[in-house]
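What follows is chain A paired twice: with chain B in the first complex and chain C in the second.
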Partner chain A sequence: MSAKKEKKRDFSKYTGVLSSLIAIISGIIIALIVLMTTHPDKGFAAFTTLITGGFGMGGIKNLGSLFYFATPILCTGVAMCLAFQAGIFNIGGPGQYSVGALAAILTSLYFSKDFPAPFTWIVPLIVATLAGALWALVPGILKAYFNVNVVIGTIMFNYIEMYYMMHWINDYCYDAMKGQTRAIPAQCKLPQWFMPALTQNKTSDIGILIAILVAILIWIVMEKTQLGYELKACGKNAEASRYAGIKSKRNIMISILLSGALCGLGGGLTHLSVSGTYITMKEALAAEGFNGIAVCCLANNSPLGAIFGALFMAFLTVGGNYMQIFGFQREIVSVITSVIIYFAAFSLFLKQALERTANKKKTEVNKVTGEELK
Partner chain B sequence: MENTENIIEFRHITKRFPGIIACNDISLDIRKGEIHALLGENGAGKSTLMSILFGMYTPEEGTISIRGKEVKITNPRIATELGIGMVHQHFKLVQNYTVLQNIVLGSETVKGPFLDMDSCRKKVVELSEKYGLAVDPDALIENITVGQQQRCEILKMLYREAEILIFDEPTAVLTPQEIDELMDIMKGLANEGHTILFISHKLEEIKRVSDRVTILRRGKLVKTLNAADTTTTQMGELMVGREVSFHVEKKPAEPKEVVLDVQHLTMVNEETKKKIVNDVSFNVRRGEIVAIAGIDGNGQSELIYGLTGIMPINEGKITISGVDYTKKSIRERNLIMSHIPEDRHKYGLILDYPLSYNLALKNYFKPDFVSKAGFLKFGKFDTYADDLIERFDIRSGQGKVTMARSMSGGNQQKAIVAREIDQNADLLVAVQPTRGLDVGAIEFIHKQLVAQRDQDKAVLLMSFELDEVMDVADRILVMFEGEIMGNLDPKKVTVEEVGLYMAGVKREEKHE
Partner chain C sequence: MEMLYFIARYFMYFFIPLLVVSVSGMFSERSGIIHMGLDSVMVWSCMWGVLCLQWLDGVVAGQLRLILALLFAGVMGILLTLLLAVASINLNADQTIVAMALNTFAPAFCIFFARVLQDGSEHLSIRNDFLIEKVPVLGDIPVIGEMFFTRTYITNFIGIAIFIISAIVINKTRFGLRMCACGENPQAAESLGVNVQKYRYAALIISGFIGGMGGLMYIIPVATHYSQTVGGYGYLALSVLIFGQWRSIPLLGAAAFFALCKTIANAYSGIPFLANLGLPSAFFKSLPFIITLVALAATSKYDHSPKASGQPYDKSQR
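What follows is the complex of A and B.
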């Protein structure tokens, strides 16, 4: 009997993973419907490409792009997991991410390019992380000391960032010919180590490794340390935490600054990447910031889960790049990811439903052994 | 004249929750027009049984018949249609609506698209006169007393023409006078042919008001008795399954040096500028239990929040063991003072943390529980939790990994009491420590409080239960409108006298 009970308990433990899987599968089914109804003749071929992440067409080389796309959303995803677990709804991901990106670009263009070897890229990365934290500082202070709604605080800072950054790019790092930020010096880009050999893609770098390492680190902090215990306690019951002597203001500041720092790190990693990317002058918030929320949703707020969530979202993005071959717009992948996110938003509901089922099963078992249990 | 027609028949009702059988094969008949009390410890299954009757839970096995017809009550709406009404322990009223609006909410009379409040009002006034439920229909809920709010809930049921009335621990929130009035109202309702089901822990009340009483223990029906033929002692024994003592056994107190010294404490409500706590001075010595008595809402809760640092104080000085704690942080206070909080869900527990995390809530930062590098020692969390669970008999579905949210109220309270008493602090502040607990658990907690006193701790008890205050305390401070009205010796005053102080009628000369 005990073995059977053990099994049931395990089932209830995995409801989080299960609900994410159901969200993904439901999203994929809807994707198929969308593709089939848009172009019935090519729909299925496009669908296969999409769910194989383009690996069928692009082969192993796509692993490099997969990691490239996963890196920023993993950072912002972990940032959101941390903030949500601490009860802080940080919607400032796009701003914090872009500020990190800009800080990395400016630092490498003006300062670190002449530094000794590893510091050429380490310094910009650190500055990017600090910049992300700085961008979360004001909403954090407003929340902790003046009880200003953190959603409003962070959203407003997204827009401040968007317009303010244009001014900075224009004045300090604008490449008028290409209409984007200037390319950063080669020595400031991230090292590649064994990554090109692994992915058979010569622009692959260690960005994803740093991001995964950070995700694991944050998971350890949240699950195993005193700080994590306090942050989560504040997130779950701020009043009881205060009663227990936890300094809630300090914890709000820590969680939002860490969250901002992670977003900034994401911006830094992406813009220091070997494959290279640029900020263009357009009035739009960085999608990587908001996609972090989606990753976090898929991961049920777990930093470890975020690794898989980010890789999965990147997988779809890679597949989506092939959509044009089948006469679809590239944006179709956004439709599909949106659907999955939509279902992921239900994942909490799904989780509860699954837990209910798990409990019911458990009671069935108890029926036999009810007397013992008492 | 005894009416023996059964209005409700429960047959073999069984309801299980994870790890526990809440109702185990319960068969029970309720007669028309009787007041039937359900008595049992926390988790005995009485609330579950009533929730099943009201359609909030569906039983896994068994049937219910109402007026001789078998029915399936799958939600409260069906229950209402069957003429079943329930007054919940926590009232379900809209705070900024009037009494009348609350009563008619959901079953308003309309004329075309417009509300017909006049005919609603007429019906409500009629009902309130008929059953002696005096309450102003135009008063806002937030402005009336708890007792009046309860009447409003009763009117709500009667307005919906409920015939079977369920009261879930109706007296827990009332003053002694309000309890008397409620008893009269209940008797009046029964005389008019209503059937009343009455959940309670309080044996005296059951004896006073009910016709029959059914005792449940751990999900099973123990016995149904005629209230007139039984004694409170017998009921208590059947409920707990062993002999219980209603009186706290304790030696005379031997107060030693002062631990807590409060001078001229004043707290002001920022919005109304009213002094909630007005120039309060008192002290608590080692080896004595000092109780703060009073009717709910006279500044006792705020006084405690001010002492424990949860609310800021405006004036005054708090000294503990000779050290000025007026400006110290909550964490610093926690090290010298343990606090069983009034609101266990708001302050006492993190409901979505497991029991072991909750039991460590005041300790997790101490070297035993966390390494120098900041990593939690989960092994210590587990052994500590197991130890407290065993010593304080905290029952839960899955032991230390149970989420606090899924534990019964009584066991949640036991967990808090266990945690706070084990702090071994100089000063124990216990606020309503036995609220909502059954006789067995109350006895246990009272013993713990006395044991703390006998170990030369200072104990400050705040309670709205006058019996508890009289039984446990060595000294009673009565609060009324933010001031201390008297410093009384429970051995020298009667309950009625304390009542006069509580009502603000009597006042001692300023002391100290």
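What follows is the complex of A and C.
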């Protein structure tokens, strides 16, 4: 017990945060370099707008869009954290997210619009969650029972989704005038509660609250329950946990289904939002799915950290939307994201290096004072 | 007969880039570095290749322009792959996450860069005068000549050459065998005096060069402009690599099989039997991906993946 307490006071607890910070700062520095070299005259103004998240230009109203952008990537980010902790790399986020989105749209268009009050939006959300899980089902089975690399499995399902999405939209919910999915009925949109007052934005809704709640819930499951412990054990060493009597195949299925469900929920929340989101007829994978990986990297695989990671990424996105004014493209945000992921990838190395320096300091102090450092 | 020629030519458009890029992946993975970033290498070097084509337009004529652009694309491919190399060889990074970073970076940067270059438009146009109407002598062979040696591209022959050379290098030379040892059991290789890091660097440089050329090879026959995508070919090449079990000859078969699926997916409306089935085009388009999964599930029992693939190399391990 005392050893455990000792460890908690250890400096190593903060190295995770520190290495994320290093990753973020590197990303921002590279963005500055790219902006300054492309348009030296406007580069710095664009840069300040970007890193203030557009709040300097748009003011408090941007809080609404910040939450709007954070909602889907928080869900997909938590999904990735969960999968990562269970030793599974779920790249299927884009597919699961889009399928969830479509499921939410279709359910609200065809079924739930006549339901009694809260079920008009709760039912589509549940269906979206299930649809996301469904889209992860086959890659999960292939991984658990046929030993097919889960990365390949989920990537293939992304592409299958990409091609089928057009087909489904075209058949069931196509608005030919606008070239996108039909608008969902007003009663099926998420309730707003106090959010408009809080964010000074008329279209703000409770999506972000649900997402944060889910993140906390997943954190509790992963940290405080037996299921979470077993999932993590499998992720650390599948063979060893199998010897310890943990059913690894079942755990693979659970983690990938949960991960898919969370992505689906993200799609549902975004497409039931009051501000109105549509799927356009374009052969493209949903970026929200991939951005979840970035959120997860920033958060060091922790669902709670994902809340901050998602808010930060959304912050950058809001800033990125102002880039056009300065003659830049918003893709600069993706460039920053990629640099952050890149640096986060060797965060383990950074972490070890930091820990090494931290431990060095500790022993030095020990020598001088002759007692253990708290 | 015209139909057959048409399908054969179409087939080559898909087959060559898949083969070349999966060979690029083979170099990397046989040396022990999982290369999920093939797609990014293609997207990135394809842009540089296309830009090089634009710069050389009017300076150099004919096939030489294409060959120079291919070389340039290869060199740029090396540059991007070095990012993976440094992170995974020197910094013990998670190779899959690095690759995801590259996959996010390449399309975003290329859109950004293309728009900066041409003030708003992201499409880079390609002036294509590389079609070879008929290869002398070989083009006169009946049937085969018509199928593979007329209305063809020089990239087809370069691609085949790359495959043959790399098959020999990997399987028959000292360099190749040592490289594979680094992917199977790096500690054992190191104990016999093989510098694992050096070999992995070499493998990734070769991989980047080939992958970069593959990116440009993909776009030359099928598109008139470059729009920051290679249609998921990097990922497909990865599945070809796994389906081909990381071995040269099976790789050839796997690439051919995929290319055939892809050809059917794109040309099915011209084939009466398939067009009459009444299936949605989405089905045919996703067919290569579905078949990949089925094929992988069926063959995954035989796992010949390099043993040390994906793990950061730790000298002190046993």
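As a convention for this text, the second predicted complex is superposed on the first by the 354 of 374 C-alpha atoms of A that agree within 3 Å, B and C clash if a C-alpha of one lies under 4 Å from a C-alpha of the other, contacts with A are read in each partner's own complex, and residues count from 1 in each chain.
We take it that contacts are C-beta pairs under 8 Å (C-beta built on N, C-alpha and C of every residue); 3 or more make two chains touch, one makes a residue touch a chain.
Predicted, not measured: the structure shown is a model, and the values here were computed from it.
Q: In the superposed arrangement, does A:T225 touch chain B (first), chain C (second), both or neither?
A: Touch status of A:T225: first partner only.
Q: By the touch definition at the top of the document, which applies to A:L198: first (chain B), second (chain C), both, or neither?
A: Touch partners of A:L198: none, neither chain B nor chain C.
Q: Touch check for A:E239: first (chain B), second (chain C), both, or neither?
A: first
Q: Under the stated touch criterion, which partner chain does A:I30 make contact with: chain B (first), chain C (second), both, or neither?
A: neither
Q: Contacts for A:E331 in the overlay, against chain B (first) and chain C (second): which applies, first, second, both or neither?
A: It touches chain C, and chain B stays clear.
Q: Counting only touches as set out at the top, which of chain B and chain C does A:L18 meet: first, second, both, neither?
A: neither
Q: Return first, second, both or neither, reflecting whether A:I160 touches chain B, chain C, both chains, or no partner chain.
A: A:I160 contacts chain C only, not chain B.
Q: Which one hits more chain A residues, chain B or chain C?
A: C
Q: With the two structures laid over each other on chain A, which partner does A:I51 touch: chain B (first), chain C (second), both, or neither?
A: A:I51: touches no partner chain.
Q: Determine where on chain A the residues touched by chain B overlap those touched by chain C, and list them.
A: none
Q: Going by the contact rule at the top, pick out the chain B residues touching chain A in the complex.
A: 16-21, 60, 218, 308, 310, 329-334, 339, 341, 346-353, 357, 361-362, 364-365, 370, 374-376, 398
Q: Going by the contact rule set out above, which residues of chain C touch chain A in the complex?
A: 36, 83, 87, 91-94, 96-98, 100-105, 107-109, 111-112, 115-116, 232, 235, 238-239, 242, 280-282, 285-286, 289-290, 292-293, 296-297, 300-301, 303
Q: Of all residues in chain A, which touch chain B in the complex?
A: These residues of chain A touch chain B: 9, 224-227, 229, 232-233, 236-237, 239-247, 359, 362-363, 366-367, 370, 373-374.
Q: Can you list the residues on chain A that touch chain C in the complex?
A: Those in contact with chain C are residues 34, 38-39, 89, 91, 138, 142, 146-149, 151-153, 155-157, 159-160, 163-164, 166-167, 290, 293-294, 297, 328-329, 331-335, 337-339, 341-342, 344-346, 348-349.
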